[in-house]
Every structure is written in C-alpha cells, then in structure tokens.
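Alright, structures below, take your time with them.
In the two complexes that follow, subunit A is the common piece, with subunit B as its partner first and subunit C second.
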Partner chain A sequence: MSAVLEFVGVSKWYGAVLGLRDVSVQIGAGITGLLGPNGAGKSTLLKCMTGEVRPSRGEVRMFGRQVPDTEVFRRLGYAPEIEVFFEELTGREFVAHLAEISGYGRAEADRRAGAVLQRVGLESAMNRRVSTYSKGMRQRTKLAQAILHEPEVVLLDEPMTGLDPLGRAQMVALIQSLGAEGRTVVVSSHILDEVEVMTREIVVLYQGQLLAQGDLHAIRGLIDRHPHHLAIRTPKPRELAAALAPEAFVVALRFEGNDQLMVETRDPDRCYSAVPRIAKEHGVPLLALTSPDDNLAAVFRYLTLGARGGSA
Partner chain B sequence: MSAALSIARVSILRAVRRPSSWWLSALAFLPALLGGWLGATGYDALSVPAPLLVYVAAPLLVVPWVAGVLGEAFERRTVIYWFVRPVARPTALLGEWLGAAAAVGTVLLLGGAMLAVANALTGNAAISSLARLPLAMFAEAVALAGFSVGVAAIAPKHPVSVAIGALAVTEVALPSLWGPLQGVSLSRQVLILAGIDAAPLLSSLVGEAPTPSLAMALLVLGLFVAIPLGLAVRTVLDRDL
Partner chain C sequence: MATPTTKPAASPVGVVHSLAYSRYAGPRRSPNFTPLVIARYALMAQLRQRGVKVALLLGVLLMAIFAAGMGFKWALPTLASGAMFGGAQSNPAQLAAIVREGEADVLSMTLRTQFLPTFLLVLWCGAGAISADLMAGAFQFHFSRPVSPGRYLAGRMLSASGWSLALSFGTLLVFALERLAFQSTPLGAARAFGLGAVVVFLELSSLSAVALGVSSLTRRKGLSQAMFAAIVFAGWVLFRSLGALLRTPWVKTLDLVSCVDAMVSQFNGDSPLHGARAAIPALAWLVWTAGSLGLAAWRLSRAEVNRG
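Presenting the complex of A and B:
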C-alpha cells in the first residue's frame, strides 16, 4: 500500500487528558474505516490530519508533506462532526462561499456549489437557509463542501449520524463512489456494521491507542476467538442452565438476579440459534435474549484484553 | 485577498440577515433622536448626545455584533470550514474585520450623520462641519471592529465580557486615574476627530489631558486595531481549535 496519509509516533495530550498515544499508521487510496467507541481518539486523529490540533509528539504527513500545509489543503476535503454552519446562508451560498475560499471565481464557485449539492441530493433544498435543514440535510451539506473541489483525500467524521435508513444507504453509495474514483476516503464511526458495508480496510482505535489495522474480516476473526456473552431473561433460569450446561458452545453460566441467566460462549452464532430451540424442548419460556457485547465498546474491550494477553 | 473579500462579503450578508443586527443598529440612532429633541427645546444638540454615541452606543453596538458573532464561530468551530482551505488563518480574521467594519461602519456613519444633521437643523453648526462627526464615527467603528475581532480570536469563550472589560479600563478606569492617560481613550480621540470639545469631566481632579491632536487620535485608533489583531494572529496560528 502506498501511503497518502502517515502518522509517525503521534501523541496528543489535552492538558492531563490523553487524546492519542504513540499512534503510527499509514493509510492509502480507497476507503478506510476509522473505528472506535466514543472517546477513542477518532476525532483527534482526524483533527491532526487537518491541522486543527497539533500533535504533542510525532508527525502527521499527507502526500509526504507535514500537516498543516497550504498545498495539502488544496487536495484535502473535510467534513467535521459539528452540526452547525453559517446558519444565515442558504446551502448554495454556504458551499459557493467555501468554493471561493478554495480559490474559484464567483461564477465557477456558484456552478460547483450547484453541481455538488445536486450530487448529494440537495437540489431541491439548496436555495433554502441552512437554519431550516434537518440533520440529514446537514450531513449532506457537509459532504458537499468537503468534495466541491474534487480533493484527493476526503475525511468524514461520523457522516452517518442523524441519517434515516434511506439517507444512510445514499450516503454509503456516495462514499463508495468517492472511493471508486480513486480518492483516499477516511470515514470515522463507532458502529462496526456501518463501516463494514463501505470497506474492509479499517483502523481501530481505543483509548487513544491504535488497536488494530487491516482487513475487517481478519480483525473480526480475532474478536470471535474471545468469549461473547448472552443475557437470557426467563422465569426458570436454573432449568435453562441445566439444559445448556452440556452444550459444547457454552464456556460458563452465571445467574444474575432471579430471572436472568448469563451465558458465556465462544460460538455466538451457534449459541443464538440453539438457545431458543433448547428452551422450547425443556418447556422454559424466554422473555428476552440480548447480548451486552453487541456494541463496539465490547469489541474493543475484547481486543484490548487480547492485546494484553488476558481473557474476557 | 479574494478569500478575505469573500469572507467580508459573507460577513455582511449574514449580518443583514441576522435580526439582532437590526436591533443593535437602533442604538446608533437613539443619540440623534435625543439630539433632535434637545436642539428643538433650545439646548445644545451635541454636548450630551455626541459623547453618548461615542462612549456608549458605539461600543454597545459593535462589540456584540462583531466579537459575539466571531467568538461563537470559534466556540462552535464553524471557523474550521475556513481553516481547512488553502488560505492562511489570519486571512479569515482580515476578512471578518473588513466585513464587520463595512457593516458597523455604515450604521455608525448614518447614526453620526443623523446627529450632525439634527445639530445643524437646530442652528448650532455650520453645514461645512456636517461631515466630521459621521467620518469620526466611521473611524470608531473600524477601530472597534478590529479590536472586537482580535478579542474574539483571543478569548472566544467570553468575547463580549472581555471586550467590554477592556474598554472599561481604557475608556473609564485609566483616564480617571491621571489626566495624561486621557490619551489612551479611544472615545476621546474619536471626539477629537469629530471636532467636538472633548475636555474630560474629571480634569479638575486628575489633571490636564494631553493637547488634542489629529495625529495622536489616528495613532490611538491604529493601536486599538493593531494590538488585539496582532495578538489574535499569533493566537490563531499557534492554537488548537
């Protein structure tokens, strides 16, 4: 992979609070998912790329040049996570203004603003004030201003936030089209499934550290080697525990309160399909079947424990 | 330079569309109304309204208009839309200053012009002297706009309080301590530019003020812009957003 973006031993402290710790990573062309739970350091990493914050230690390079750099900004598009714009302007005025700042004349800036807002699906709302925009429209406006100058690198901080399912699908298609055009696209998210539909190349951050980088499926395999938990609410937890205990996929069983059984398993897919069947066979009613691990924080916890050589 | 002009143009457009701008603009015209009423009832139309316009109305109009809005842009990080473009960060400050100076300058120029007209209509001034007060008000607006842009960039969390606090020091506290310190007062220099007798009320207590001079007035106005803007440029170049 030829690196467009490069972090070399980057650390960032906000006073006593650690933002990033000794992160070294290279990102090449195509779409890369930047994954991590809230507070993992994703936004700090993106801000280091845009020069919004300066590393306390280490270097960030883009196209071989140290950031921040005017030449880099010509080739960079950035959609920050903030939801606010210059609210008094219309979407078209806002994007055209930023096109002017990027160096285009007024007529060309206006033409580009119209074209890019059409591309992101805002053609009918582009002449309305931004203050009237919904969250989804704001996400599209942010994307529009980030790509109006056809940059080689596009950084998108949580671009799916606030989008409805249709909006998500359209945003995914837009991001995929940017990747297909050969651009380097970095998309941050705390939702694994969101990133999975866009790319297999991911960078995983947790508590300011680089936890993993590479193919998503390989990392998922790493995750799957660690035990998962399944919480089962039932009025007969002891009967269900007795029925599940002989099963090979069960690593451990634990009672929580009078009506909850916690199952630890290394084979969550099999566990999910077998539990309702076994419960039915033994006449045990199931009130709820949930997994506290179905969130990225748990995934990162597994990876962290794995990196330390521990077990979940 | 085109980036700065674009920012200035958008700054004016946003101000025109912001309801608060219109409410604040009313401040510039209240002294003229007062002047007209005083003139019509046989009193001097300038002696109270002019200092009111220069000392009170102008800062109360310009500081929230400029420092409040730009401070909010830093706090809410909307400035990032400018700062990830191929322009130097100080260019954004320059653009904001140009836009704000044009907008508040126009409002205060009109406010000063109305007061001058009210004064002339009541027979207290020659027509030839009509231009000085509006031009002085425009100069004050330009200086206060630069000062406010600088303060907003340096102290974006509480720009209005910091700016008003700083003005309280230069306009009230220091001149009240010692006569020669009347020279640091922006408002006093604006009154000198306007050709209005600016003898301080406290001169008998704190000593004589420096002799009025146009050069000194312009220098003070220049420093009011240069010092905060210079510090602001350093701040935005070095600071994380």
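Presenting the complex of A and C:
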C-alpha cells in the first residue's frame, strides 16, 4: 500500500488531557474506516490531518509533505463534525463561498456548488437558507463542500450522524463512489454496520492509542484471545458435533435450537476446510456455514474489551 | 430497389470512460483574492441580520438629518454674504474664513454623524466576527483550505468595516457635494473629501482592528462585544478624566476614539498639540491598530488555542 497519509509517532496533549499517544499509521487510497469509542482521538487525528491541530510530538505527512502545507490543502476535502454553519447564507451560497476560497472564479464556483449539491441530493433545497436545514441536510451540505473542489483526500468526521435510513444508504453509496474514483477517503464513525458496508480497511483508536489497523479479516485473525465462532446449520447437529468433537481445532461445541451447531475454534482456516469434509464423511447435510463474529462489531468489541483488560 | 452505395458500413465504435480520479487542472484564482471573497460573503450574510439592517437605517436617517442641518449651516452665510450672487461685495477674508470653517466641518461632522451607526456596525460585524467563526466552526472550513491566517484576518477586517465604510463614504460624499453647491470650489470640496476619506479610514481601521483583536480572545460573541464597548467608552472616560486630572491635553488623545478626533483637529489646524507632542495621536492610533491586529494574527496563528 502506498501511503497517502502518514502519521509518524504523533502525540497530542490538550493540557493534561491526552488526545493521541504515539500514533504511527499509514493510510492509502480507497476508503478507510476510523473507529473508536467517544474520546478515542478520532477527531483529533482528523484535525491533525487538516492542520487545525498541531501534534505535540511527531509528524503528519500527506503526499509526502508535512502538514500544514498550502499545496496539500488544495488536495484535501474535510467535512467536520460540527453542525453550525453561516446560517444566513443559502446552501448554494455557502458552498460557492468555500469553492471561491478554494480558488475557483465566481461563475465556476457557483456552477460547482449547484452540481455538487445536486450530487448529494440537495437540489430542491439549495436555495434555502442553511438556518432552515435539518440535521441530515447539514450533513449533506458538509459533504458537498468537502468534495466540491475534487480533492484527492476526503476526510469525513461522523458523516452518518443525524441521517435517516434512506439518507444513510445514500451517503454510504456516495462515499463508496468517492472511493471507487480512486480517492483516499477516511470516514470516522460510530456506526459500525455502515462502515463495514463501505470498507474492510479500518484503523481502530482507543484512548488516544492505535489499537489496530488493516483488513478486518486479518485483524480478526490476530485476535487470539477470543476463539472464532462458526455457526453451522444442519438437520443433524448432534451427529455433526460427535464427528467434530475429537478434532484438535475444536475448542468448544454448543447447540443453538434444533438445527444449529456453534463451533468455537482457534484455527478458523483449518475449521472452514475440515467441516465440509467431515460432514460429508458422516453423511451430515450442511445448510449454512457462517461466522457470526467475523464482522466489524465483533472485532471492535473484542479489541476494545482486550484494551480494557476485560473478557467477552 | 435500393441504390447500392460504395460507402462502407460504419464499424461499431465504443468508448470506455475512466472513472478514476483526475485532478482539476483549470484556472485558479490567486489566493490574494481570498480576503475579498471572505468579506463579500460575510457582508452578504450581515445584510440579512436584523441588527445590521437597523444600524444601516439609523445611519441613513442620521445622514439625511445632518445633511439637511449642514446644508442650512453652509447655505445661510453664503446667501447672507451674497456670495452666490456676486460675492465680490463681501469681505474676502471673512468669506475665506467661512469656507475654511465649512471644510473643517466636513471632516468632523462625517465622524460625528456616523459615530453611533459605525460603533454599532463594528460591534455587530467585527467584535463578534472571530468569536462567531470559532463557535460556527468556520476555522475548520477555512483553514482546511489554502487560506492563511493573514488573509483570513484581512477578509474579516474588510467585512467588519464594510457597511460602516459605505455609510461614512455616503455621508462624506453628500457633505462634499453640499460644499460644492454652497461655498467651496471644486478643489476645496475635493480636498475636504480626500481628507475626510483619510479620517474615515483611520477611524474604521482602528475600530475594526480592536474589535477583531478582542474577538480573537474568546469564542463568546457577547463577551467580546462587551469588551469592545468597554474599550471604546470606558477608555474614552478614563483618558478624558486622566487628562483633566493631570492637566495634560495629550493624555486625552490616547483612547481609541479621541486619537482619531485629535488627528481631525490637526488636519483642521486647531489642535492644542504642538512640537513632538503632535505625533502622540498618530502614535496612539498606530498602537491601537497594529497592536490589536498583531494580537488577532498571533491568536489565529495558534488557531487551536482558540478552540476554547
């Protein structure tokens, strides 16, 4: 992965409060989910990228140049978490204003504002004052101003907050399209399901520290503390359990209902390949084979519980 | 029967469009325009605020009242001396004194006419400007773009004084036209207008700079407005009292408003300050303006400190 964004030993203190602690991470093109509970340092990390917050220690680089840098800012789009705007301006004026600041002429800025507001689904409300906008409309306006100047890097701080289900689906599709265009998109969010739909690439922060980074499956594979779960739907769960019990990769077996067997294993790859073979050998039909904890929510839960020293 | 053609059938064509990111390569405006852009949209937003509309209406009303009053003041001696109907009969020295006094009025009356609206507009548009941007998160929108704190500050200076500037120049223009109509020569009216423009610039730049300076100290708009009002009025009272107590006229010229008033007196040739002390009002203006702008620039260069 060639890094577009790079943090090298970044620490940030707000007085006595620790915002980030020795974070070193590289982020490449495509969509990356920035995850962590409240106060984990997600917004601070994003603000370090925009130059709004200066690291107390370490360096932030974008395209190999140290932030803050004027040339870098031309290639950056940022939708902050805040929901207050220039309330007296219309949505179109607000976006055109920021387009002009980005260097476009007046006519081009207005044209771009119209086009980008249409892209985010605000065509019917773009000439209304921002003060009349709902929370969801403000989110869309923020996204519009972040992408209006065709930035290579787009940073979105909690873009799903306040959106209704339809709005969330549209926002997810829009962010996916930005990633598909080859941009580097960093999305901070609490809503794990939607991040999971968008990307498998995640950065997890916890109490200002980098807890995990990389592909979701790879991270799950590294969590040895919690055995992987494999849910097997079959009409003969007891026969299958008897066949699997002697296998070394099986940690525990549990029945759920009349047609489901839950297998706990520390060797999921071996388990995935062995279960169909053993089922066939014993004449047990398999209806479904799923992994309920190979998802973002489970990984996030395991990671943060591990960081707290708790247990699942 | 169809006519045979020698033209070959068109071969099928297709095109695959790249959806990959392509960077905008069109023309870009110089960053030097950024202050104008910030100011233009801020002025547009201000005009939609009730307080600004009221202050502007008040300014126009005062301009009309004072223009009528000054018109009478300048027209009556002119008519009485017969200057409009062959002024040769009048005493030229007396006439020159009347003209001089009238031209001096342009400077002082422009400031007096618009002092209250100017104060209110700078209070409303300047004293809370940076605080409001802090609260609104405008820093996050501005400074993640190629906007330097210096250009942002310049834009805020223009927007803090824009509407006051329009009112003051409107008033100045009306007074200059009246001068031209009643007493002054075109050169005299132009001179009065030019000096008036300098005075308006001095007053608005110092007021706006101080407003932005205090505004950069807090994200509470009301608090920064209160600090600005205190500097204007309490400063005036303080230095007036000190000057009276110490019996030193130059101390009275140290506050934000009086330093410009003192310079107006100097332009009009009726200042009590002479010699080295004549530089004190200009120095006071410089300290207020440059000091406040320096404070705001320093605070903006450490923008995250402003986050509260």
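By our rule, the second predicted complex is superposed on the first by the 221 of 312 C-alpha atoms of A that agree within 3 Å, B and C clash if a C-alpha of one lies under 4 Å from a C-alpha of the other, contacts with A are read in each partner's own complex, and residues count from 1 in each chain.
By definition in this document, a residue touches a chain if its C-beta (ideal position, glycine included) is under 8 Å from a C-beta of that chain, and two chains touch if they have at least 3 such contacts.
Worth saying up front: this structure is predicted, and the values here are computed from it rather than measured.
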item	value
Clash or fit (per the criteria above) of subunit B with subunit C on subunit A	clash
Partner chain in contact with A:256 - subunit B first, subunit C second, else both or neither	neither
Touched partner set for A:181, first subunit B, second subunit C, both or neither	second
Subunit B or subunit C, by number of subunit A residues touched	C
Partner chain(s) touched by A:152 [first = subunit B, second = subunit C, both, neither]	second
Partner chain(s) touched by A:108 [first = subunit B, second = subunit C, both, neither]	second
Clash with subunit B (superposed arrangement) - responsible stretch of subunit C out of 3-11, 39-47, 75-83 or 183-191	39-47
Footprint overlap on subunit A, where subunit B in one structure and subunit C in the other make contact	47, 50-54, 70-71, 73-74, 76, 78, 80, 82, 84-86, 88-89, 93, 97-98, 100-103, 145
Residues of subunit B defined as touching subunit A within the complex	2-3, 6-7, 10, 13-14, 17-18, 76-78, 80-88, 240-241
Parts of subunit A lying in touch with subunit C, wherever the complex brings them together	47, 50-54, 68, 70-71, 73-78, 80, 82, 84-86, 88-89, 93, 97-98, 100-105, 108, 129, 145, 149-150, 152, 180-183
Residue ranges of subunit A in contact with subunit B within the complex	47, 50-54, 70-71, 73-74, 76, 78, 80, 82, 84-86, 88-89, 93, 97-98, 100-103, 145
Residues on subunit C engaged by subunit A in the complex (per definition of touch)	19-24, 26-29, 31, 33-34, 37-38, 41, 44-46, 48-49, 135-148, 303-304
